[in-house]
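Look at the two complexes coming up: chain A is in both, with chain B in one and chain C in the other.
Then we have the complex of A and B:
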């Protein structure tokens, strides 16, 4: 029996939904709920991969429409190349995180672990539906489902910071939703339908299209965590459980990028040049500031969250270059730029997911996220250390790993732009290149710090001292992602033609450029640059082999064992406080770039939102007395006054009461007589 | 002298006796004057019964004589004679003022009654006016006097007024109604007397200004 990609997609979503519902039904039986939701989630991920890969490889998607009882809300499923690519990214990550959750969530047994299975599966299912649905109404419904499910993951621990972070996330996510809603509404008011297909054929005036684009860009940008809308991200991601952070950081922020591509490129066609420049600019700023803020963190998950800001910036640089290529009708720039963006999107999902899972394993065993309390874990958690090291190398864009490939394509697209573009682009390109270079350097520095402080040296706390290797499902999940990271680097010449087809399906600028030839990678034009990741690994291996040969040949003349005593500490006894700390490592940077760090406080919309709320409360407090004085106070005065007047009737002397009786009688008689 | 003239003249006498009830200081004296007034009322009933050939009014006059001329004054004389509060006897509306107000009330009542167009009592209009005025004089007694015992008499005056009105307008009414009215007044007087004695025993006052516990 063969199933079509759409059947498999339905199966995948069905498995997630079943996992969610069964978790709910197993409320109270945490152990079973963990197993059921984890296994069904992983199976759903496998089904999703099986659905997406044939579409990506064959290069042909499919669209089906289901009418619903609402004429405006046709349920249109468009399983095109972009949708299939996103489904593949999500599914890949879900496979890893679901396996990981089998052990990791045991930490939460007795604290509502079943609910985590429910929210995780709903979260994933809504993301899968979101990327393939082709109707604005359903898009927003799934977008909201995704935001809410992830909100509950963020506040899962219920401690003060988590709830506060969750609230900030909730505010920013919904502010974004409103912008997106307005953008879709403008398109709807012009086309008369909520189906994306009608949006694609709409011819809008440039200013109208620009408004829609800017609304969508900032709306989805809030979700993507680009600076300056990133404030929620470094708080929300660390608060969520680690496999949830992996999905939020690895996948959910990509939904923001996906939305920018969907509206800017797919629906609006990226006609205006300045749109691409805006995307590129925000991307460049996000990448540099993101990595800088990451460097000074102590909390390992918070640090990784800032790196998400950085990498979303890098992805946006690629997307921006691609949009510039589309606006200037430069097919190679358009395709390579989008290829770089999409490739980095995939890569970042893999290595950031891997790193969050690694951080989760450390947290699972040591119960601390503070790197000052770690150290020496490489000996105690060797597999975790290896996987984390691969992830750290990948995110630092070291060849031949996957991060290197996508950043290489990003560089190449920027080179192409600087070379072929008009004056503005020739100016913007090099600036972006420099910023990307700074980002890469700082990222490498940052991960030297993370790996060094966490895994090398001596343990700096009892927690780290007594750490053990993580349980096997967690190790398997991490090694799986590490292997994927290596394969996406080594097999870049296989992957990039597939992704450039996805990019080509978006740009609609004729034949897609050639980006790979056998094991060589090139940015459309072999004259500009070529690189081969297998070749790099061979060269690296040569270095290792040469070293081994020298060691082997010099074995006879080697001195006897020298590393018996304490480390050399300039004549003093080695003490624990001499060890490099997170603060001392990043200290010079913090001092040199102080203005940029101050900028963070000013750009963070969280305090601005808070002060806005406070201001409106104060305004309400000022406005309140006004109405009090005008409306409430007179009433308050009048009622007692009326009471006092009524009291006068209650004179107490019963003769008065007799008079009342008589007066009443007389009045009644008069009324009878006169009427 | 015709029967109607006698009735109207006796009605005028009612006004004078009621003013006496109001104005005398001691409650016991009021009881005596009340008895006198009730006797005048009984005479009115008898005259009317003779004049109008209304046999029922004889029964009325007999029951009224027993209750109003004998029982009520005796009860009040015996029960209230021992109660004495000089403070309560003072104050209130002065005699001159009471008479002036009484005159105004009677004039107003005549004015009101003049509008009534009933052929059966065309000749007895002054008596009807007196009956209404009498009722209002009872109210005046209640309102103007400080002594609660006087207010019982005020109630009795109102009752007499109402009784006269009833006799003038509905003298053919069955005895049952009359008996009801008479016993009603007796029971009311007995209850009020008991209450008055209780008040005096508890608070040692008959002054209505001291009795303001009803005030909310």
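Then we have the complex of A and C:
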């Protein structure tokens, strides 16, 4: 039986939906619900991969339209290269997180674990539908479903922080969807249809297109968590269960990036140069500030969440470079820039998913997310440690892993831009490159801290002391993602031609540049640069073997290695509080970059919102007496005054009443005579 | 196979640099001793140290893990790769798929990552602090190292190290001022990477860059010392290969060219090490926390060279 990609896609969504419904039916029977939703989720992921990979490899997508009873809401499925790419990313992560959930969710047995299966599967299904649907109405419906399902994951633990984080997430997500709604409405008012295909053929005036782009950029940017719209992200991701965080951080924020690409590149064609510069600029700032704030965190999941801000920034830098290439009709820059963005999108999903799963395993065994309470876990959880280390190396862009490859392409696209572009680009490109370099160095420092504090040294609490290796489904999921991270690095020369086709399908600028030859990678032009990740690993092996040979030379005369005893502490006894802590590690950095940390206090929307609310309350307080003074008080004064004046008329003196009668008669007489 | 030639050359040059590494670190020690009015241990002392250490037992603290154990080998391995890929005798790199400025910067980052992490992994508070400081130094140095290289790369239109060297070797024609300033900035970055004052006292092992060495002993210390020595040579040769590739073999070499290249290698390195030693020993130490004030100068020079490049000077 052979199934077409669309059938498989339908099967995949069907499996998620079945998983969700069965979880709901199994309400109250948590153990069964966990297995059913996990297994069906994983199968759905496999089906999704089977649907997406043939499309990506063959390079041809397919579009189908289903009419619905509403004329504006044609259910158009467009399984194009970009859609297939996103489905592949989502499905890959779902396979890992579903397997992981088989053990991890046991933590929630008796606390409504079945509901988690429901929301997770709904969340995934809505994302898959979202990326392939080609009609603005359905797009928004699935966007809302995704936001709502993830909202329930955020508030799952029901404690105060989770609920408050969920509320903030809810607000920002909806503020974003309103902007997107307006953007689509403008397009609709011009084209008269909600189908994306009609949007693609619109010829809008530059200012109209720019308004649509900015609305979509900030609307989707809120979902992507770019600075300054990131406030919800470091709160919401830590609050969700870890496999949910892995999906939210690995996949859901990418829907934001996908939206920016969809509207800016696919629908509007990225005609304006400044769009790309805006994307690049926001990306660069997000990457540096994101990683810098990450460095000073204690909570491991919060730290990882800030790294999401950083990596979204890096992705946006690639996308921005690609958009600049499209606007300036530079086919190589356009394709390599978008390739860099898409490759990093995929890579970030893999290694950030891996790191969140690792953090989840730590949480599962030690019940703490505070790195000050961890330590020494490498001996107690060796597989988790190895997988986590691979993730840490990948996110620090160390060769030859996947993060290095995508950042290398990002560097190269920025280099092309700096070299070939007009003056503004020649100025902006190197600045972006330096910011990327700072980001890389900071990320490396940050993950030295994370790995060092969690896995190295001596345990700093009883929880860490008594930790043991995570159950096998969790270990398998982590090792799977670690292997994918390695393969995406070593197999870059196989992956990048596929992704550059996706980029080429978006740029529409003729022939796609060559980015790989045998095991070599190149940014379109081998004269500019080449790199080969398999060669790096081979040479590293040679180097390490040389080192081992040298070490071998004295072996016959020396005693064998001894492993034990305290480390040296200036002649004092080693004590547990002597070791490096999260604060001391990042201390010098905080001091050296103090202005940037102050910036956070000033840029943080939380206090700004609070002060805004406080100000409006004060204003309301001022406004209240104002109306009192202007309207109410005069009335209040006037009525008694009128009464007092009326009292004067009623003196009780008979003669004055007679006088009134006489005066009235005189006036009446005068009136009749004079008229 | 035509590929075998470059690979043999790569191995040859890496082995030569590895063999010379203790000599040049010994030379640095000797220069320092003489400037301190001491007699010094002689330039061959580092070879004697290595031989001695290789015969000694390696001891690791209880808390240390596999990162601590593996790091010295990885450190030496990474430096060996860089030594293979650098243009040493030739102007072009024998292994151009690795000789790219971005790849080089991230391979340095790879060694720094594990060097720093091993400090934390040892469980020792000194080594841990040394590790944190090493990582911090990376943040301060890497951006302007990349920026200064970027200026040259933009002038030449390529990020390949071999192409950069041969381009510059043909004269500083375009933007000479920008290239000169970039050279100053990159030289400064390399000076820091060599573990020199005021950023480091390479012989005091609780210091910034060598802090993670605290817990190493015996054979693993020997490998690590060799790796750090090789790093100093690689860094110096990186500088020479990009900015001062004179004397290296270009296209269509004759016998004389080869002889010149072989002689030029140690001479240039010796001059560079002597210069670095002179600068280092005439400086005072600064507090670690002030490091960023000094590195800003390097960043400023690199930024200036970029401005000059934009202006076409």
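A few remarks follow.
Just so we're on the same page, the second predicted complex is superposed on the first by the 600 of 675 C-alpha atoms of A that agree within 3 Å, B and C clash if a C-alpha of one lies under 4 Å from a C-alpha of the other, contacts with A are read in each partner's own complex, and residues count from 1 in each chain.
In this text, a contact is a pair of C-beta atoms (placed from the backbone, for glycine too) under 8 Å apart; a residue touches a chain by one contact, two chains touch by 3 or more.
All values reported here derive from a predicted model rather than from experimental measurement.
When both complexes are overlaid on chain A, the residue A:662 reaches chain B alone and has no touch with chain C. Within the superposed three-chain model, A:444 lies in touch with chain C and out of touch with chain B [touch as defined at top].
In the superposition on chain A, A:643 makes contact with neither chain B nor chain C. Considering which of chain B and chain C touches more of chain A, the answer is C.
When the two complexes are overlaid on their common chain A, residue A:28 makes contact with neither chain B nor chain C. In the superposed model, A:654 lies in contact with chain B only, and not with chain C.
Within the superposed three-chain model, A:595 lies out of touch with both chain B and chain C [touch as defined at top].
Contacts of A:206 after superposition on the shared chain: neither chain B nor chain C is touched. On chain A, the surface touched by chain B in one complex and the surface touched by chain C in the other have no residue in common.
Listing the residues of chain A that touch chain C in their complex gives 376, 378-379, 385, 389, 393, 396-399, 404, 407-408, 411-412, 415, 418-419, 423, 426-427, 430, 433-434, 437-438, 440-442, 444-445, 447-449, 451-453, 455-458, 519-520, 527-532, 535-536, 539-548, 550-551, 553-555, 557-570, 574, 578-580, 584-589, 591-592. Across the interface of their complex, chain A is touched by residues 18, 51, 54-68, 72-74, 76-81, 84-85, 95-98, 100, 102-103, 105-107, 109-110, 112-113, 116-117, 120-129, 131-133, 135-136, 138-140, 142-144, 146-147, 150-151, 153-154, 157-160, 163, 214-215, 218-220, 222-223, 226-227, 288-289, 291-292, 306, 310 of chain C. Per the touch definition, chain A reaches chain B in the complex via residues 647, 650-655, 657-659, 662. Residues 139, 142-143, 151, 208-209, 211-216 of chain B touch chain A in their complex.
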